[in-house]
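Chain nomenclature is as follows: A, B, C and D, assigned in order of appearance, with residue numbering initiated at 1 for each chain independently.
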């Protein structure tokens, strides 16, 4: 089904940008886990709108309300966990203009081709980026469960427009690299508002965003995400492998247009001798010495950090006039969008990348663990 | 399940590199279609090994034997269609050396971490690239059904190592571009043995492959795939969208490490005004004028060509010595692989990309068509 | 997943007896349908508690609140439809006694064996009969959509204890029988509070229930359900046939212990010549003349009424003392249950049977329609 | 999908009565199990045709050929296990008469309504009882795995026409009953050709079958199936419970028209005080003292024997003339069926019931085990 993903850990997302509420149902959580609601709210606030100059002024508290799935002590109880998030700050009137004029880069025209006017148009309906809030609610709980199992997930902006950040130290697997990677993750979780490792990257990226907004335009970005501490042997060959699980979920996030693992698209230019990760004896066991594979081979974890990068397209809603067509009159009509939109959605998509990683890995772990001895 | 994909058109793949047979079961094919077996064999022969200097000398006829799913007139009959392909040319002895020494870049070590020695090691077992033969059998039938509905699918090598080919003319949607694209597809289906558009690209790429082999090494590549003629409105929001469907399948193909649609990873550097595809009135209806979206928005087709690129890593099996570990003795052991391996698997993966496209699009069409009026 | 069913029409149920809310998410509804909320509330009130002498005094308004899935005109919009029902009248204190003493006939002991104390005990948690309220919310909408397609669904109590009702006239398919069946359905939908066809059946069944309650006991029943107007050719061979679809759902309803279609268990004593439904020419087309098959053959509808019967066990919660075990002390402990419980749940399960029929048939119709010509 | 069932243990069945082969693919088998092929063939021969006077003279060796899923030592290897069974003894000519005249009680007419002539008619195509052979192949392996875990499954004919057998001693859970049940299972596995407990039951049932055949007719039956040794806590609430899992699979078997668990349809007449299974302390732990529940509550095993009964309709194919309709001429046509058919299929369906039990229980155990402590 279109709004559901996962094999053992199943998440069903519901809601539209301007419906009374959005939310999700999470089936298959292990029983006995006590979600830290403060940490969950903090995680979700990294995605919430209205928080900074580079974000939409639409303010939504995005408080997750868990209405089922916990026992009276607040522990997961084996039943589906349902999260409700109220939509409080809807201004559907903003969309009266665009009901019949599809916004370039949005799903307005494809929703029309599919549902012939029955779709919920305002704010993009079910296609809205707001639907990433329930994904973050489910993902935030998955992150906490992974953390309790020794897995640490982090993400940052690797690129916004022409500005870049330092990549994760997740290719070399020696001790200095591992320490450097932990340091990077520490920095990213120190409460900073802009999710990059280097201070100067933040400045450069915010400058890119400000420039785009000044020109009534928007700009895209690339997010890099890593998970450290996964044991080897999690996942499955072929179509339920780690990469397929992350990919199905990642491309369900509006605006993601590319995804790569480890050495990624560079493998197309590489030699096998450079791309293959050799094995050595580490701590008394065989282990890869490098990580071009991005932490999985044949869909199964190697024990090295799982690493992906995904590109986020520039916000389609821009104030600059664009060519479109009035679908009722079937005539060209120029469109200038005056809603409340981020000039760059990539910063707010960083926690979404972490949620994607956490949900895919936890589901894979529950559904396809290493066979017990 | 790990070896199954699809929503309404379900394909279950089975077999190992050295099992008696490999094959697949295809559920959900529309009844009443007569597969052209000659065309299917011709399609599969583009993937089959042993056909050229740049390919493994392991010869397998890879003849698809349909043992169920057709009625007595040879039409699909509503029942699951099963395809059996015998493994005739197995030389498991080649793998005696590597039973306890995982080959870098292969799933040997992760299969061991998962199944502790029960996995079928020779030839990579279920992880073998041979498992793309049944995917091509299913995909070849899907291609024929799509063709009967006016959809044309083609793919080529965009890159091998440092050599490149001309990209598909699928970004501009004007008439000259559309003609150019059809011409490119015509050229690719003229029986040429090396799947590139430009003659000189073939020469350059084969030179890259020969150089790698001469150095006991291998080289990777990038495949570009396009589908023309899909109607608008096919697909679904979120996790069963066109991109998610293709992605889950593509990353199930061994060696794929990146996937991108339309403008792909470049969107991270783009402005919205450049990336958004404006609409115009074409043939009396609204239509996008460019195709940075790669033929889908919000997971639903726009009517423009669906376009993806995927990077194929260099063949992991290389004769050049590599560092590995003997898992029994837990000691470093140098490994030189003396099987029969392609120095570049990307050429043989081109029809696999077409199969991926066809299976994902046909499944989406059957499962998530535009709602009927 | 355990709390999800359906192929194209997917329903995910959440909630516990004493959680803040219960509800469901319905994916795959056709877009453009306007649910009649008054009719939906009326349908759900037939299941709601607190309405009659033979029902629990726990009062719950059970008002369905649709928080997503409708557009601004109140039509289904292609996005998942989420229904929330608040739990308002919880008295968890009633269950303090039974936290460590499993109630015979309930899932207390099996939930303990599965989750070791993490399950939500009060009121049966996720196993509560209250979870049939969201099934009725989803089923009520499915009933409305089926009605708009000419399908009429009805159910009644065929048995309570030793008292019986007249069966549906759905075995003979001649005109008088068809008229009689419509008359029976008319009677059942005339607003009567006790769901039987014959007045004297109501008296006799209520007497059975009163007698059970007077003895601090409970009593079971059998429900018969019919659907008229389904076209031939809906469904699928083998495991997604009409019977499998209904069965998976029916046995998900707490207290259902048997299910049969058409002639049902009697076929074990019958001859083929008596059980086979002969064909004749009716209105210019071939049609079955009798309906021992219960409206489907090989999992696919015949066009005759779909007919099933299911037995509902007596309410497990009874005030009469029962032998149980204190799980903490692992000692026998007598248990007398002083909650608010129906002496017979079968009457309130009648609309649940209609919901089961409607959801299974609509899902089958959407997922496995007759192939279009 | 229609021909697939299971959550973690997935079985996909393919083939038609007269296709070159039939078979199945089994995904999710634990790695490291060595199927006993002799025992598997012996199990399948109990279902195979041509073995006795009460069976069809169509002879099929029904030898299961495992073409993938085993490693070189014959152990399951984590990859999908594919079984091929050749159809050797097809006589499609037998069906020329019935191509346009649907056989009463068969799926001929519904297949026509669904596929409009594209379906594979001879022998019932994919609807044939022959498709239970691959179910037995998969089920036979599941039975062996369950046996290795201490679970014993058995079934017998409880009824054929008016003749009955002694029921399983699975309602009382005291020691004498348990011994008696083991004795019954021992008798059923002593190599007897007719699957009943009592010698006189066999005589009476065979007399019923012979009488039906003598009158060019057929007769139905009821099968009772039990599984002993399942631990408590296996299964899942709601729609993936033990009963739902068995039911979806059982109603996928051609000819099954009713299914009941434990006290079954009798619960409709029972009082709660009689139907509830009280708990006592057994071997230092709480356990049910009786088993009206049929071994599961709320979809989760109690530890008591899992018990179901299913009714098998009389073979639809009978030599006695029946009323039907020529679909081409749309005129009544009398039909007398001269193929090779069992006068009673219930005896050969007994191992199928065991396969259903084994597949449903093993899948539930793998997908929904008790949570580990």
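The criterion applied here is as follows: a residue touches a chain if its C-beta (ideal position, glycine included) is under 8 Å from a C-beta of that chain, and two chains touch if they have at least 3 such contacts.
This is a predicted model, so every value here is computed, not measured.
Consider the two chain pairs C-D and B-D; indicate the one with the greater count of contacting C-beta pairs.
Top pair by contacting C-beta pairs is C-D.
Of the pairs A-B, A-D or A-C, which has an interface that repeats that of B-C (more than half of the contact pairs shared)?
A-D
Relative to chain A, which chain's C-alpha centre is the most remote?
For chain A, the chain whose C-alpha mean is farthest off is D.
Go ahead and note the Å separation of the Cα centroids belonging to chain C and chain D.
Chain centroid spacing, chain C to chain D, equals 26 Å.
Once you find the CA centre of chain A and the CA centre of chain D, what distance in Å lies between them?
One centre to the other, that is 46 Å.
Quick one: report the Å distance separating chain B from chain D, using the average Cα coordinate of each chain.
39
What residues in chain C touch two or more of the other chains?
1-4, 13, 31-32, 78-79, 111, 114-116, 118, 126, 237, 371, in rising order.
Hey, which residues of chain D end up touching chain B in the complex?
1-4, 10, 12-16, 18-23, 25, 27-28, 31-32, 65, 67-72, 75-82, 84, 92, 111, 114-116, 118-122, 125-126
For chain A, which residues count as touching chain D in their complex?
These residues of chain A touch chain D: 8, 30-32, 78-79, 237, 367, 371.
Which of the residues in chain D end up touching chain C in this complex?
For this pair, the touching residues of chain D are 1-5, 13, 102, 104-107, 109-111, 113-116, 118, 126-127, 131, 159-162, 212, 215, 217-222, 231-241, 243-244, 247-252, 254, 256-273, 275-281, 284-286, 288-289, 293-294, 296-303, 309, 311-318, 320, 322-325, 327, 330-332, 346, 368, 370-371, 373.
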